[in-house]
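Structures incoming, each one as structure tokens.
In the two assemblies presented below, chain A is common to both, partnered first by chain B and then by chain C.
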Partner chain A sequence: MNNHFVVGVFDEEAQLMAAVNETQKQGFQIQEIYSPYPVYEAIEAMGKKTRFTFAAFLFGLFGALGVLAFMYYTAVIDWPINYGGKPTNAFPSFLVVTIVITILVVTIASLFTFSARAKIYPGKAYVLPDPRSTDDKFVMVFDKSANDSEYQRLAELLKAEGAVEVYEKNIEPEN
Partner chain B sequence: METKFNLSKRFQYITLSMAALGLIVIVISFFSDPDRAWANLLLNNYMFLSIAIGASFFIAIQYITQSGWSAMFKRIGEALMAYIPYAGIIMLLVFFGMHSLYHWSHPEALAVDPLLQHKSPYLNVPFFFIRMVLFFIAWMVMTKLMRKASLAEDEKGGLHFFEKSEMLSKIYIFLLALTFSLGTFDWIMSIEPHWFSTIFSLKNLVAAFQHGSAMIALSVILLHRRGYFKELNKSHLLDFSRYIFMLSIIWGYFGFSQFMLIWYGNIPEETEYFYSRWNHGFKEIFYINYLINWFIPFVFLLPQVLNKNMKVVMTICILLIAGQYIDLYEQIFPGVVHAPVFGLPEIGFFVGFAGLFLFIFGKTLAAAPLIPERHPYLEESVHHHVH
Partner chain C sequence: MYKTEVRGPLILGDKNYHQISTDIIAPINQPVPLWWKVAFGISNLALLFGLVAIYQTVSVGIGTWGVNNSVGWAWEIINFVWWIGIGHAGTAFSIFLLVLRQKWRTSINRAAEAMTVVAVMCAAIFPALHMGRVWLAFYIFPYPNTRGPLWVNYNSPLFWDFIAISAYLLISASFWYFGMVPDFATIRDRTTSKIKKAVYGFFAFGWVGTSREWLRFEALSYVLGGIAAVLVVSVHSIVSTDFAVSVIPGWHTTVFPPYFVVGAIFSGFAMVMTLMIIIRKMYKFQDYVTSSHLNAIAKILIFISLIMGTAYATEAFIAWYSGNRYEIFTFFYNRATGDYSIEYWTMIICNAIVPQLFWFKKIRKNLTAAFIISIIINIGMWFERYNIIITSLAKDFLPSSWVTYSPTWVEIGVFVGTLGLFGAGVLLFFKFIPMMAISELKGILKVTSYNTNDKKHISHE
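Take a look at the complex of A and B:
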């Protein structure tokens, strides 16, 4: 397992984006980008796509149908009670509960899906190449082993695009 | 950038002949079946009024939230709200149809009905019209001031007019929430004076906002196809669909809340409203109403591939205009006509009012530059891009 990385630190979003486009054009593989806020252009430029919304939709569909089936089973099939002269299948009144529980199912299932996909779990050691990316700096990380011979060229390229710092670092998970 | 809208002679001829044709049918139906004619008059006038009110509300919201994306389309909303004074004049005509539309205006009904007597200090003919005149004056003054600031900005420029418009918008939404709610109670809900629902006005205000937004989006798309608004892109369409999507959910939520509580409570004085809307052939309309105004926008504007598609958004906007008609038909006709009739008078009234509304819309749109050149957010609007 190689933990040797090249880290480029930027002051501005525009400089980061220029560097992202330029390094990709030159054939460097970006490992990861850390930014104080989400930069959608960077996500798009790295070619990252998400099917997360579709998963959430499926959770919602499952939740809604499940809750409706459960209420239908309890109120109509298993234990029918006549209250207020209404039909046992009091469908309009089921809907409110359905909406609320669907939201709950989507939220919790999405949380677990996201955690599993991003390999995040409680007590996991975090990886943060440069703590200033939680403050006001934009940080790009490259895998050094892959670009070892071209390290000089990469460093110059990042500097040319306006990086305030370029350095190498051994990144160990911290606790 | 195309800044001037050229109103074609053809558009004027078509809309004016629609209005003239409608007028003939309107006059005939007032002689043949006055009750039905008054119901149609109220329905169509209120429908186009609510589109105008919704469009003005849309503009006010854009100013308050300082939205950049919609700056380019501001003139569409301004042109739509030009109908408000005309709606006021036509609404005053209801004075001659009070006995057809409003059961509570009959002195003999009032004499034997303790509930109506209880409401009569508020719900009586003179006060009804005093309120109506006050509401319309308030809307006319506010929309006039907003339009004036917008036109002055074109001439002089500067941030001053933007700040002024923002201030006016802040006043306007509070004013509108109160006056339009009370107006809806007066004009639509009092058709059935024994029944009451507090969410009724909210539902109709949201319906106005929803259909006003749909009308703005539809106009923008149609003008784009004619060669105006060349800068219209997928991001604008996405934002329009977000508005329509969000408002259709709120509309459905309010409508369902109103229905569900009454259905569940099962108190006779409340259920009579839905009893008359579930019988005598109105039940299909009840379901079609939710299908068009909530289900179709909700399902078809949800996926990203559809809500950025111009044809899809346009189709849904056209459906929603029909949906507004159906929604009001369900609110007005069971109480006045007592039967789900649809024939020549309904078509004639709609065509007539649509002709008048579109003529005023076109005239106002051509009176000022289509693009507000000196709007501070114009650049942002032209280059609008969302992910």
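Take a look at the complex of A and C:
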């Protein structure tokens, strides 16, 4: 696998976005954008979409039906007990537990989905081209092999859009 | 849309991104100041006293407490509800304001959520001990066992409460933790210490801030924010049903769920104010916790205080209007003019009257006054729970069962212990965790400051 990259470092969000738009217009493929806070235009420009909310809805549906089924099984089928003459399937008062457990299921399942889809987990060997990108720099990374012949043009373009540094780097996973 | 011309910048001092990281991480890298050591020592002493009291409770039994046949719930339930109330605001604060896209939350939400997690841990101690044999606490889990299988009663508010509190603790802790992941990565990449790099690097879970990560991170926070908002309202409503579904005069009222939720948010916001004033003063964070932030909290407190006053008035009015003699006795002869009038009027003055001082701009801007009022609100909210629980139980239907209640040293000890746990937890948070969400502060820096239109920023547009 090729791990030779071109890294462009920017000071400001506006410069980053100008560079993102210009390089894309000229046909360069951006490998990844690193920013210290979420930049919505950059996420959009990278063409990334997420079906997270739909997944959360499914978790909620599964959680609600699951907990209702569990309560019905335990309170009605497995061991019915007469509490002051109330029906064993006391549906309205089951709703309280259903709401809370549904929220719990959505939360836990969403966290695991996030961990799996964003690839964020303990002990991950991460790739960080420029450590300043978690502090105050906005970093664009291009695959060098794909743009080898046009490297000069890319570097000039990034500089013209306000990059404070443009350099080549071999990137290996850290830790 | 945040209008900086109208409301002023949220971050003062013409900061850049790098300065924000440096400022917020500074307390983690510096040695702890003297006041921190003193406060931590006092908290640990209080915690030690609490542990002695808990040992006494567990080894001897509930007989060491002042509770009796009539007043079967007392000090422990007061403190349980009080802590849960405080624990409510953290999530209420960060989630309601997240959903409403209020940008001023960014300086405060981290501390508010930390407060939530510690306060809910304090709260959970009380019902666990109140079970009497705490080593059998697992009986409350719905699991198949050799005793039947004997399942739990899903109609019982006490079971709802157990579910709600456990879920709330898990959810608020994970919401808090995942918000911190990008900031741990910032510490990991900036520190020069090998140990810190390893420890914060582990907790950062390999975060690097790619657009792929941010996209899901934002989606996650809105999903969790949206559903946890429901939880904030439902958890304290459930706590209130512990009382409201009983037939004790003064408890059996339909106003309880909203009244408890609002009361919880009230005491929690007051505690947020107390904490933010401490953070601002002790760590010199006045550029981040501006007087405009505290002003906003004070205005919310006025509003909630009015709701509290209305709730107290509603309770009294309905007691009279219902014509029920037990209700009339409880509210007018027992609480307002009887043996417990001091506690009743303390509650009214602290919660409904004193916070009205925030109508004056001078008082909102005066940090000492705001600090004192925030403490008074929390005392008032403690007395509110005292009123609800003790007065109703001490004098209910049968005069032959009327008793008085006073706490023993063991009960006071457990409460002091939770205060110590809270203090120690918050102080550890000050030392080891970035007190404000660094990445969120960076996100609002440009859009809410006057230098949005400076030359550097628009030169390429």
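Here is the rule we use: the second predicted complex is superposed on the first by the 171 of 175 C-alpha atoms of A that agree within 3 Å, B and C clash if a C-alpha of one lies under 4 Å from a C-alpha of the other, contacts with A are read in each partner's own complex, and residues count from 1 in each chain.
Please note the rule applied: a residue touches a chain if its C-beta (ideal position, glycine included) is under 8 Å from a C-beta of that chain, and two chains touch if they have at least 3 such contacts.
Every value quoted in this text rests on a predicted model; they were computed, and no experiment measured them.
Put chain B and chain C onto chain A via the superposition and say whether they clash or fit.
clash
Applying the document's definition of touch, where does A:108 land relative to chain B and chain C: first, second, both, or neither?
In the superposed model, A:108 contacts chain C only, not chain B.
Figure out whether A:46 sits in contact with chain B (first) or chain C (second), or with both, or with neither.
It touches chain C, and chain B stays clear.
Is A:86 contacted by the first partner chain B, the second partner chain C, both or neither?
After superposing on A, A:86 lies in contact with both chain B and chain C.
For A:96, select first, second, both or neither according to whether it touches chain B, chain C, the two together, or no partner.
Touch status of A:96: both partners.
Compare chain B and chain C by how many residues of chain A each one touches, and report the one with more.
Result: the larger residue contact count on chain A belongs to C.
Which partner does A:119 reach: the first (chain B), the second (chain C), both, or neither?
second
Among 75-83, 111-119 or 363-371, which stretch of chain B shows C-alpha clashes with chain C in the combined arrangement?
Stretch flagged for C-alpha clashes with chain C: 111-119.
Can you give me the overlap between the chain B contact set and the chain C contact set on chain A?
Shared contact residues on chain A (touching chain B in one complex, chain C in the other): 86, 90, 93, 96.
Once bound in the complex, which stretches of chain A touch chain B?
Chain A reaches chain B through residues 40, 44, 84-86, 90, 92-93, 95-96.
Which stretch or stretches of chain B touch chain A in the complex?
Interface residues on the chain B side: 256, 259-260, 263-264, 266, 387.
Could you list, by residue number, the parts of chain C that touch chain A in their complex?
Residues 16-18, 21, 142, 144, 148-151, 153-155, 159-160, 163-164, 167, 170-171, 174-175, 178, 181-182, 185-186, 188-190, 201-202, 205-220, 222-224, 227-228, 230-231, 234-235, 238, 241, 439-440, 442-443, 446, 456-461 of chain C touch chain A in their complex.
Where on chain A is chain C touching in the complex?
For this pair, the touching residues of chain A are 12-15, 18, 32-39, 42-43, 46, 48-50, 52-53, 56, 60, 70-71, 74-75, 78-79, 81, 83, 86, 90, 93-94, 96-97, 99-101, 103-104, 106-108, 110-111, 114-115, 117-128, 131-136, 161-162, 175.
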